[in-house]
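Listed next: structures, encoded as structure tokens.
In what comes next, chain A is part of two complexes: it sits with chain B in the first one and with chain C in the second one.
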Partner chain A sequence: MKRKSKLRALINLLAPFLGLILVLVIFSSIPDVQSRFLRAANLKSVATQSVIVALGALGMTLIIISGGIDLSAASNIALSSVVTAYAINAGLPPLLAIVLGMATGGLVGFINGSLITGLRLVPFIITLGMMGIARGVAKWMAGNQKIDAPLTWVNELMAKSPQPSWLLLAPGVWLMIFLAVATAVLLRYTVFGRHVFAIGSNEATARLCGVRTKRAKIIIYSLAGLFCGLSGVMEFSRLTVGDPTVAVGLELDIIAAVVIGGGSLSGGEGSILGSMIGVFIMSFLRNGCTMMGWPNYIQEIIIGVIIVAAVSLDQIRHRRSA
Partner chain B sequence: MDHNPADTLSLEMRRITKHFGATFALDDVNFRLRKGEVHALLGENGAGKSTLVKIISGAVRPDRGEMHLDGRPYGPTDPLEGRRSGVSMIYQELNLAPHLTVEENIMLGTEVHKAGFLKRRDVRKKVRETLEFLHHPEISLDIPVRRLSVGARQVVEISRAIMDRATILVMDEPTSSLTQEDTERLFQVIRKLKDEGVSIIYISHFLEEVQAVADSFTVLRDGKNVGSGPMAEAGLEELIQLMVGQKMRDLFIRTERRRGEALLSLKNLKGKNMQEPLSLELHRGEILGLAGLIGAGRTETLRTIFGLDPLEEGSIEVVGRPGLKTKPWSRIEQGMGLLSEDRQGEGLAISRSIMDNVTLSRFAPYKRFGMLRVKKRAQAVAGWIDSLKIKALSPAQPVSSLSGGNQQKVALARLLHQEADILLLDEPTRGIDVMSKSQIYEWMSQLAAKGKALLFVSSYFPELLGVCDTIAVFYRGELVAVRPAREWGDESLMAASTTGRA
Partner chain C sequence: MNPSAKKILVLLSVIGLALAGCGKNKATPPAPGEAKVFKIAVIPKGTTHEFWKSIHAGALQAAREQGVEILWKGPQKEDDRAQQITVVEDVISRGVAGIVLAPLDDRALCRPVQDAMREKIPVIIIDSGLQGKDYISFVATDNYQGGVLAAKRMGELLQGQGRIFLIRYQEGSASTTERERGFLETVQKEFPGFRLLVKDQYAGSTTESAYQLAENLIGRFPDVEGIFCPNESSTFGTLRALQESQLAGKVKFVGFDSSPKLVQALRDGHLHGLVLQNPVKMGYLGVTEMVQHLRGQKIPELVDTGVYLATKENMDTAEIKALLTPDLSILD
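This part shows the complex of A and B:
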């Protein structure tokens, strides 16, 4: 009995990694790409490419565990990147521009959370509306074109070969790792984290037990907004311009990452580790497919299959253990 | 002051009244709960028990009356305030977060922390001590609650209440889905709590169980307190007499009818959600009532017959009409129709029109080359609205805008339109007005007279006695007796349903 439950715990711990390992094994065993795929330079570039989705997925994990969804994430990223570019272009110090970009994201999240709890509408509707609003505001601010901004150290954040070189990875990657660990700690070791799970698992119970569910939800969406804001800053850093049409449809990648990583859209389940693995499964797939010279549509089909397969495997595992 | 008898009172409710619309859920009810006693709250379905405990817990506010808790005025505005005052409700499983672990559930809302970070070591020790105190040291703190048995979940809820320092526990049908062994262990827990001075309000329909565990009782009937006293002085008969009272019997119109040949034959039938296999025969021209308490297995039996729940053992035979599959579409082809107990959720497509709902199970007459003949269908449905006296403006009116009674008539109209020969009716008169009720009884009688066969699930004994030819009683998942209706009475039905002995 004891050994069985230990084995089960081990499987549960490893299961999320299996998909990632499988992707890595497959691509590194294909002779054509073998030599390039596992190279340090390639790994670095995959890590850098993952930053934007990963930051969005940190917030999305909180939201999905609490039983919600955020369709406005990608629009929020675009808006925040435009605000950052606008501020730098206006001659503000880069640090202030970053703060403004993040604050924009946080504000959008705060509005999401407040409307969801205040109007008592489902998150799907509120954030669907916000998806259009944030995108529209971004285009409006940018006068429907790209905002050019002078190069500053902000653009170094996502540089593939960082300065100084002992950093090894781009500062944005380090930031992503740090925030992922911090969010995981928040979820597992704080009262707030418990309440996030409780709200997603059974909101009525949480309320009855004295959890301030409205306040908690507003905090969850605001935090997720802040992550999107930072993701927007990174987007600007990568592109060196503020582009209001960037990241269209990216919210679905973010949601897919969380779901592949074991997040349940009905709430109560999910983990930061899982979501990060989800992000990297998708990044490595894209990377590998590109190296193989496969067209875009093949990548789309494979990722689609993986989403369905990952979630149904997860369900089977749950049914077994239930 | 020291020897004031009110000192030993935990809760006192005086002249509590609560209306829902025009009906009195509670009418001038007094209720006294002493410290450290188990107080059984008894009554038929709809007698007002749940309204009373909801008022105690804070989920419902009374229209009139006052409450005192430990001598102080008490009037919680929501269940959270009730909990903070020391009143905890133990439901079956509603109050747990299924994904969280045992420890997380017990500590939910009262987590011990330092600057927001959880401090778990001391807490875990206390939680473990509480589980040991309740004789359940085997429950692991780290297992998600959804993997626990119903009995263990209850223990988790009770642990939470104890850690909250609850002084009053309300247990609503705590044993209805427990095994005999778990029930025994629950009683041990209850005795332990009593010794600690916790008062328990215990709602149950199982009278023998209540006699074993409770110190005193209160019986509610039609929203009134019809009797309270020490349990030791009350006999089973007296309790049943109090619960049943005198019933009106003039609502029922019986037709002349003759029991014909067998139409539906169940042999050792056991469905996925049924506990015990059963055999039963239903004849043409017969209304066969299924009596019992809620959760006794009647709905599960109907659902198995109709193919909504998978069949595990035994056979279902419709005489003269073999079926292809044990699925609802095939049962409908065999001439069966089911009226669900859950009108809103399953029985009707509530946002669609009367027309759509009535014809949903049989479109054949209105189809031509695959197209729907809209006008012909509207005319036909208008005919049904007339003949069933449904109060509606037009066949296109959405069912959601009708009253409960008229909704139920629409549901019944669907079975009639479908020309079902075997009608499986699950609580067809629940929550509808008296006029609609008596009309439904009348149609049931007429249908039987036309040679149809009816299976009628009801928790209201007088209507079973008034309408049925035969009555079968279920007790805890088992069919315990089948007899002609004239051999049953209110009290024998109540006794069979609550004790399993007939």
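This part shows the complex of A and C:
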């Protein structure tokens, strides 16, 4: 009996990796690209390409576990990137620009959280509204066009070949790894982390047990906003321009990553590791499809199928264990 | 539960083995034959607009003539700068002989293009400009001239008098901004009788968003006499709005680029002029020049593929007809 449960634990541990392994195996066994697909240079560029969605997914995981949703994530990323570009363009020191960009993201998140708890409306509605507001403010700030900011070290954060070269990966990738670990620890080993799960499982019970749900929710959305702000800084670093039209629809990619990674839209479930795997499954799929020269519609169909397949597999696993 | 658990373990180990096998494969040199047939990546701004299909057709035709292979890949979302950067990075990773790129942004694409040149992959820029000089040739329409042509046609249609709209395409798109500038400057310089009711509204990247904008603008200024739109999606969206509000044909309407629906509108008299580029030629020359460069020939640094005006009167001449309804049978 004990052996069985150990085995079960192992499977549960490995199960989230299955999809990722499958994608890697498929592309590295296609003769056309196999010599190139697993090369260090390609892995590096996939890692860099994943940073923006991954940072957004960290915050989204917190929100989804708590039973909420954030549709404004992508608009928030665009707004933060525009603010960063605007600040650098205005001659502020780059570090201050980064702080301002992140603060913008955090502020948007804080407003989301406050409105959700204050007006007692579902997160879907509030963040749907914020999606338009943040996008509009971004366009307004940028004067309806992109902002060409002078090149600074901020743009090196997402350079594929970093300076100094012993870094191996872009600083943004290291930041992503560090924050993923930190968020996982926060979620698993702190009281706040347990509260996030409690709220998502049953908010009323959590409140009756003495969890200050309102305060916790505001913190969750603000944190997620900060992650989006940082993601916006990275987006600016990558584009070298502040583009208010960037990342349209990216919130769905972010949500998909969390869901592929085992997050449940009814709350109470999800993990940072799973979400990160979800991010990488989608990045490797994009990368592989492009390398193969497959048309975009094939890529879109595959990703759609993966979302449905991943979630239904997860469901089956759960039903069995129940 | 136990047997199925075993199955999963077996599956995992098989995958592990497969992965180990792939690791070995990595060390073997790339297959021979890669050196003989050039593989050239052609990266458009999007893949669904008629315009990009024409570029694709031209590129394919050139590839057939030159005996090279084409890798045609646009950003998954039309007009998404970040995704186009990703596509360029991925084709660099893949390894191609050359890249023909229509950059979505004159600045954001600089770094990936530099990366390509550093990896000894030459880049030819088509359609829209790129800052800096990290590419070997620029093949494009003189977009400013296209705007000038549209303004002159509008002046002719309205005898230089009237209330007009300039509907812009999208924030930060270099080629359409040039067209808008050409139109605006010519109107201000040569036709002081025109009054621009609208000149700072953006149609957005889809037909739907253009339709909505045009509908709202027409609702607000029902006495408009002339409209100019700087690309296919904004032209078509505006056309739909005009047709819905029974104004098509009454309002003088000059658009840009072609599609079957726009050709029909030109024939019906709903459109009074279409400024045309030659995208087939652009795709064709992009690939042909790349092959010539790869074979060690010298190629010009700048190629203008020309702008043309189609009207109801000239639309059946052979030259304009080939531009209005380009032969895309090669794509099937």
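Remarks
We adopt the following convention: the second predicted complex is superposed on the first by the 322 of 322 C-alpha atoms of A that agree within 3 Å, B and C clash if a C-alpha of one lies under 4 Å from a C-alpha of the other, contacts with A are read in each partner's own complex, and residues count from 1 in each chain.
Simple rule for what comes next: a contact is a pair of C-beta atoms (placed from the backbone, for glycine too) under 8 Å apart; a residue touches a chain by one contact, two chains touch by 3 or more.
All of these numbers come straight from a predicted model, not from anything done at the bench.
The superposed arrangement places chain B and chain C next to each other on chain A without a clash.
When the shared chain is aligned, chain B comes close enough to touch A:Thr190, but chain C does not. Of the two partner chains placed around the shared chain by superposition, neither chain B nor chain C is touched by A:Val99.
Of the two partners chain B and chain C, more chain A residues are in touch with C. Contacts of A:Leu313 after superposition: neither chain B nor chain C is touched. Residue contacts after overlaying the shared chain place A:Ala206 against chain B, while chain C stays out of touching range. Of the two partner chains, chain B is the only one that A:Glu269 touches; chain C does not reach it. By the touch criterion defined above, A:Ala198 reaches chain B but does not reach chain C. Seen from the Cα centre of chain A, chain B and chain C lie 120° apart once the structures are superposed, a value rounded to the nearest 10. In the superposition on chain A, A:Lys139 makes contact with chain C only, while chain B stays out of contact range. The overlay of the two complexes leaves chain B and chain C separated by a minimum Cα distance of 16 Å.
Looking at the complex, you find that chain A touches chain B at residues 189-192, 194, 197-198, 200-202, 204-211, 268-269, 321-322.
Residues of chain B that touch chain A in their complex: 79-80, 83-84, 94-100, 104, 108-111, 113, 116-118, 146-147, 160. Residues of chain C touching chain A in their complex: 1-2, 5, 8-9, 12, 15, 18-19, 22-23, 25-26, 28-31, 47, 71-77, 79-82, 85-87, 89-95, 105, 107-108, 110-111, 115, 170-172, 200, 202, 205. Considering their complex, residues 4, 7-8, 11, 14, 18, 21-22, 24-25, 28-29, 31, 33-36, 38-39, 41-42, 45, 48-49, 52, 139, 142, 144-146, 148, 155, 159-161, 235, 238-241, 243-249, 286-287, 290-291, 293, 295-296, 299-300, 320 of chain A touch chain C.
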